[in-house]
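By letter and in written order, the chains are A, B and C; residue numbering begins at 1 in each of them.
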């Protein structure tokens, strides 16, 4: 491995990593919003919307992100929906991540015993107050491990973004290998940069998980 | 005769095509302590849940101080504040301290001043012997302590009638007494109470009136003296015999 | 039909060619799953053992496989093998190697989870009845772990099918490649072909994964009730 080459490539990887993190962050954020909405629809059993959400979740979970991106980037312009690569990346990640986040929130909501809502109601709260003050805080703490796993999963999934000509880490590595044959250095930096992005999230997740857990409900 | 607090007329409740409550008529007056007993599945817990509108009823009406209670009604939260209910399972909010559990509803629902509510909560906790637990989380408490906190959490709402749904059924035997003692004291204060229990000796000690239910109906009513010594119906007789066999 | 570009699918061999592309991806998934499941059972069982060296090595392997995007793993093997080992692996061989290594890691973690979820007293009870360690695993632990494991390993199959779509990125002829060829060939006659073809590819993946997901969910419900 040649340290000089590594030093030379470092800025390129740095830029690519920033793009990956930015788009990944936006994708995770929008996924969480979509997921929360879908989980609410399922939890409150909203008619009609519930079926639509179900179809969305199944479509999203049973297709690969790469294919979702191809459809958004190359297919949708033919029916008049045009996107830039960055918008396409975030939209694809949100389409994928929304269903995973929905599952995480939903399982958290369903882990809260029915009696919690009932006792809140019997103490005079409205249903909205019971959900906001009593159910959501408990549901969230149950969801945390799954949410953290989803964040890592979605950040990993950004590695297919180069398919829609985004200059991310994979794109940079492939380019350098193709142009200069510095395979070892290019791959080394690729691994290092993904570790730099993903390891802190994993560690943060473990810390967060420990802090929000209220060892066992009521027992 | 004192004022009617709770009135049930012809209450019918069905679930999955099965009749759970089959025409219940019941009146509870100010200061009265009524105890409902009966075999498992007779509908006694469902009756309490219907009174709090946690279950919709199919027929009949339930009146609290003359006002109808209906599941889904707009004024339900304000009516429910007048009904205090304690459940069998420990239902404290696990993510809040004892103090937060108690003060949440008075602050968020009744919009009362935080300091005033906390002072009152501290007084009530002292009355049930839990002054030192205000900052504990539910998981750090024993079952009996949790139930006493649940009682305080309900009392601070200043309810007109107190409902107890088998509150000692899930407790270890040595903790039953501490909860029952709190309930006895409430009875002595002249509170209006409707209690579902399996503790026969306790029922005899606390009740002004025993209500015996079987198969979704009230089969027999009477003073504890009458009911436990000379039950009028065969079904009540058989039910009591089962308990005597144990002892 | 023309407007949505679905017509190209019915021209000549196009639909069959798309199916053939999906077939390559499914073949890679299948081989990888067939290797991953027994290898994962073996490694997962080893992970529950007390030996710190074995556990340390397996832990490192597992964590590395799980934190790296599969795309990176694919690059490491496809581009890295030539440089460091002097091998010239085909895209398909690289894909099989990578997805087997990844699948093994995922499977071993599922197996480890399933085995450690069996309560301690089950081992104690078996020991009290004088079963040997092998007998304990064979008669007591594995049958119980299998019930938890089955839905999860079926889910692994759908994840594998979705993941194999990545082989397009290292140039293995595969469903997307075929789609692109069809779109190119019909650029003049059917300008909207991209919509129809990519929608079809999308639905093909869905139809491949959805029944398997449903089966996994069905089994999960049955075993947990």
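One rule holds for everything that comes next: contacts are C-beta pairs under 8 Å (C-beta built on N, C-alpha and C of every residue); 3 or more make two chains touch, one makes a residue touch a chain.
Everything quoted here is computed from the prediction, not taken from an experiment.
Engineer: Quick one: which chains contact chain A and chain C both?
Structural biologist: none
Engineer: Quick one: most central chain, C-alpha centroids?
Structural biologist: Chain closest to the assembly's C-alpha mean: A.
Engineer: Can you work out the whole-Å distance between the CA centroids of chain A and chain C?
Structural biologist: 20
Engineer: Could you put a whole-Å number on the gap between the CA centroids of chain A and chain B?
Structural biologist: Chain centroid spacing, chain A to chain B, equals 46 Å.
Engineer: Need the CA-centroid distance for the pair chain B / chain C, whole Å please.
Structural biologist: That pair's centroid distance is 55 Å.
Engineer: Of all residues in chain A, which touch chain C in the complex?
Structural biologist: By the definition above, chain A touches chain C via 58-59, 61-64, 66-68, 70-71, 74-79, 152, 156-160, 162-163, 170, 173-174, 177, 183-184, 186-187, 190-191, 194-195, 198-199, 202.
Engineer: Which of the residues in chain C end up touching chain A in this complex?
Structural biologist: The touching residues are 4-5, 67-72, 75-76, 79-80, 82-84, 158, 162-163, 165-166, 168-169, 176, 179, 183, 191-192, 194-195, 197-199, 201-202, 205-206, 209-210, 213.
Engineer: Within the complex, which stretch of chain A touches chain B?
Structural biologist: These residues of chain A touch chain B: 113, 115-116, 118-126, 129, 133-134, 137-138, 141, 214-219.
Engineer: Note which residues of chain B are touching chain A in the complex, please.
Structural biologist: Within the complex, chain B contacts chain A at residues 52, 54, 77-78, 80-81, 83-85, 87, 89-95, 104-105, 108-110, 137-139, 146, 150, 153-154, 157.
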